[in-house]
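Please go over the structures that come below.
Heads up, the next two complexes both have chain A, just with different partners, chain B and then chain C.
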Partner chain A sequence: MKFVRRYAQLTPMASSKRIIWVMGVLLAILTVLGPVYLLVKYSISDGASINTGGRPIPFWPLHPTLSVYGYLFSDRHFYTVLGNSLIIALLTVACSMLLGVPAAYILGRYKIPGRRLVLLGIISVRLFPDIASVIPIVEFFIFIGAHQTYWGVILSHTLLALPYVIFIGMGAFETIPQELEDQASVMGANRFQTFYSVLLPLAVPGLAAAAIYTFLLSWDEFIFIYFLTFGRQEMFTLTLYLNGLKYAEPQNLLAATSVCLSIPVIAFSMVVQRYMVAGISSGSIK
Partner chain B sequence: MSTLNNQVMAVTFEKCRNGVLKVWPLLPAILYLVGFQIIVLVYLLLLSFSSPHGNGAVPSLSSYSLILSDRQFREALFNTTLFTIVGTPLELLAGLVFAALLYRSFMLRNVIRSLFLIPLALPALVTAMLIYVLFDYPGGHVNHFLLGNYPPFPGVIAEPICWRASPFTALLLSLIGKVWRDTPISMLIILAGLNSIDPELLDAAKSMGASLRQRFFRIIVPLIIPSISVVVLLRSVEMWKEFIFPFVLAGRYPFLGTLIDFYYNETGNPHHAAAVAVIMVICIVGTTLVLYKLLDLLKRYAVHP
Partner chain C sequence: MADVVLKSLTKKYGNHVVVDHLNLAIKEGEFVTLLGPSGCGKTTLLRMIAGLEKVDGGEIVIGGKRYTALPAQKRNLAMVFQSYALFPHMSIRNNIIFGLRLKRIAPIKIEQKLTWIVNMLHLKGLEDRLPKQVSGGQRQRVALARALVLDPDVLLLDEPLSNLDAALRETAIEELKNIHRKVGKTIIYVTHNQIEAMTMSERIALLNNGIIEQYETPKQLYDHPATMFTAEFIGSPPMNFFTGEISIEGRTAGVKTSIGFLRLNKDRSRRIISMAGRKVTVGIRPHNIYYVEHVAQRRYTDANIELVIELVENMGDRSLIVGKSSGGTLVRFMVTREEEFLPGRTMHVFIDGRSLHLFDPLLKLNIFGQDGTI
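Right, the complex of A and B next:
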């Protein structure tokens, strides 16, 4: 009760205004969650709840069933696809971290001349349209023989993820107090020791967020994988598998595949949300 | 004099050498990004300015003149322009509304903010598929809703609409998906702008007798104009770049992003695809410059009306 009273003091508002505000929040929540709920509902629907023969589609399936998931996980091709998605995403994380973490360390700890320019350049790389850079990159990969290979896809995904790794990682290194670094050097640690045993462990939470972000970026990337594997079925990832379903298959299968694609993303996003929010917000103020 | 110069040069060289020794961990990432960007630009220009027929070595404008005379390209340019002009303000508006709802502090604010971020977390392809299913013909949820099959909501149409059968409604679906997915980004940027306003400023204005209207237009609006500018600039770029929603929802109707796919993968013509890509980049740069000027004017006007 005390809590409620304090809350009321915090937000003095006329009751009519409060009602409008509450309605607004509820409507917004409905707009956001409604479609997501319907996606899950479709994935557990039986055929009769989708092809209703003119009757309105129910908001809860007539006979909820997990049979579509059963079908999906009995399909051998689905496991190949899942494996492809995982391999590509994990190797993309490895490459991006290998390139990105040292860069983030320098940009986060040193006042180098032209730092702003470097950061601006990194952002503007991300503003260049993927759909425009995919053609030259595919042509280049055809030229060097990396077209329709895993390495081609991984290199291109690394290109997409690297700016984010640098930015998120830079934030992680920036927040570590200078005194720790000074003390380490007073105690005779060289630069690499300081980096490896003092800075890196402290930056791990931020770097983990960067790694998860990279994983997700590669996991649901579509444009590059679509162009780079065009027509080569055995390299398909989950996004391409889903895209292949859109015109022919029953809608509950479409929805179930969508749910499989989204679950890791939603789960991990909740973990890295804090960093994502900070990244988007700080980018807008600076 | 020359010895002095030499000395200066030696010192500068020494400084540079030390600098490079110090910052070398930065170099691989930068070289990777710069290298790929150079490859992208060089290949784009080479491809788009070489002829698909003949030896391909001569700089030629034939790709550009061919696509400019292609009705499909002109429609794509028109559709994408319209998409950007309508979509950017819509995303800004949705972001403003969501940010305004979350501006007050209340009990579950952080939980609700997390909920509002879900569209951003969902893969774009999944959102597109979701729209695809909900707007199905003849029996999607939306058609049933508009037909009045879910009481108490009244019916507003007599026949179900085949949403993907006309360019206008198909692009409308793409726009709905795009705005639904991107609103959290606009919301976060505007929210950050709102939160950076010092509450004491508003209290001071209130105690000096400023009305709600005055406080809104004289304090809040001028102070969040930088955030609004960022939203407008970033969102308009994203609108031009859009590929996935039209690809899934409006596959048969011309749109710049999907036209690149069509020229490259369907007709096997990288020259035309590259020319479209170059024009897309020009559109983005042009829009950004114009918007930047306009927003600058707006900023000056809002701060000193």
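Right, the complex of A and C next:
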């Protein structure tokens, strides 16, 4: 509060407004960091700091320990699960991009007949809740033999991500000025060359956002993978592994697994975010 | 390098005809400007030549080859857009060599061409910067360099100077004229700015509603406007127009208007003497109405008009005065600023009878024809 008071003194005008602003920022930080704190705290807690027997749970573990991490990383099954999650998420990103980017390019830059109908069709895929569509889709996957296979899981995740990739990507392609495309074709570029050397590089920030979203979607996905793996342990991903731990006591193992679930997501987002530089197309017009 | 021939070229958007059976021939190496108000179809016409707009009728022939249905990337043309359209993610170097790379030119030759164009357009040292890291004038030169380096048959320029400030525009105009002299390319230049058009081009095609009003040298366009539209559009401040009737006074024919009887020079007077009674619109440029205290200096053909000053507009070295005649007609004319003029003062001005333009009020055409002959 000392900080708040000192900050308010810097600008005597509208100091009450400043205080509200600072409080808002602190609240936002608390909302973001609060759960992270709880998760990390539980993951390094010893049993006595969780099951306190009626006494209040301490603000910081009584005896901080990394023992559950040690247990987790000595479990061979955990490595398989981590690998499964990574492979499925990355291949889902690759598949969704490969299928979604060309679609986004066409829908974003050409006035094709029936464009609105196509867009409606694409977005309608996401109108049903996952839980409603999972049974028919799994039935179909069993029919085509994609049940309990990696490519089946990747296909199902691509199915979920594709509408988002197309919509985000379409926005990215739409905002590129027409004159850049015209200029490229006057300079002798055919459609593919224009796409590859002008439009695609300029759409990268939007496409990177779509990639992050797709990665997260696949990494967090539970329902489809639950039904598609159908108890086949060696295909489990982190979400299924976590599901198996939900009744385990004490909760420190659950918390440690959750931390492991979060770290790759943060890492992937940080890598891809480098391509999301805002305002990359400034300087082309004028 | 090549000549450009447009035959009966037509472009429609739905029922709206933007370019209407337009014919135009541009000589090899000529600098031609498509001039006109916004919406006259000049940019559409340029985009049709570039291959960016579908042609709805007629033909485009460049260097003897039919270009009408050829896609843009197969025409050996270059274009500079109003916005420059530099690729924002590429360095200046890559922007300039983009087209050369597409043509699969040997890297050594690309380097040579790059060095040549960078030196010619004073872009040395900027090669590794991004477009957003250079100034507006430099961007304009990069856009020009990118076009010229391709050695196009025809260079198409779509208002390339409109984003520059006044001082930069002046130098850019000089530079563009120099470049044209050096490389001798056929240039088609689109602008709505008549000063750019008048100073740079060898010929101007004045467009209005998708048709060419007049296609002439800048001097001809100014001195002998063939239509009322040309007369109105070319020249700043704009021409005065009065309605009148051809009549005979004494032994010469002239025009009776609301500001008085305006005589024509002897040659032209003789040619309209048979048209007495015909209604005409008289055009006179503000520059051809003059003011002198010494009445002795005036010619016989100069009409003496009495005006009351309504408005004085300072234009730097001179002033534009709007005066009102006794009949209520407003007349614009220029004075040098040696004397101070104040609104409300009465003054006498002289209208130079040699510089009167007569138009048919219905056909809107110069009654003396395009070359001043009937």
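By our rule, the second predicted complex is superposed on the first by the 226 of 286 C-alpha atoms of A that agree within 3 Å, B and C clash if a C-alpha of one lies under 4 Å from a C-alpha of the other, contacts with A are read in each partner's own complex, and residues count from 1 in each chain.
To be clear about the criterion, contacts are C-beta pairs under 8 Å (C-beta built on N, C-alpha and C of every residue); 3 or more make two chains touch, one makes a residue touch a chain.
Quick caveat: nothing in here was measured; it's all calculated off a predicted structure.
In the superposed model, A:L162 makes contact with chain B only, not with chain C. Of the two partner chains placed around the shared chain by superposition, chain B is the only one that A:T52 touches, whereas chain C remains out of contact. Of the two partner chains placed by the overlay, only chain C lies in contact with A:P201; chain B stays clear of it. Shared-chain residue A:L38: touches chain B; no touch with chain C. In the superposed model, A:N190 lies in contact with chain C only, and not with chain B.
With both complexes placed on chain A, chain A has more residues touched by B than by the other of chain B and chain C. In the superposition on chain A, contact of A:D182 is made with chain C only, not with chain B.
When both complexes are aligned on chain A by C-alpha atoms, chain A residues 280-282, 284-285 touch chain B in the first and chain C in the second. The touching residues of chain C, when paired with chain A in their complex, are 47, 50-52, 71-75, 77-79, 81, 83-89, 98-99, 102-103, 130-133, 136, 139, 146, 150, 156, 163. Across the complex, chain A meets chain B through its residues 7, 10-11, 13, 21, 24-25, 28-29, 31-33, 35-36, 38-39, 42, 50-52, 54-57, 99-100, 102-103, 105-107, 110, 112, 118, 121-122, 125, 127-140, 158-159, 162-163, 166, 219-220, 222-223, 226-227, 230, 239, 242-243, 246, 251, 254-255, 258, 261-262, 265-266, 269-270, 273, 276-277, 280-282, 284-285.
For chain A in complex with chain C, the residues that touch the partner chain are 177, 179-180, 182-190, 193, 197-198, 201-202, 280-286. Chain B makes touch with chain A in their complex at residues 19, 22-23, 25-26, 28-30, 32-34, 36-37, 39-44, 47, 97-98, 101, 104-107, 112, 114-127, 129-130, 132-134, 136, 139-141, 144, 149-150, 180, 185, 188-189, 191-193, 196, 226-227, 230-231, 234, 237, 240-241, 243-244, 248, 257, 260-261, 264-265, 270, 273-274, 277-278, 280-281, 284.
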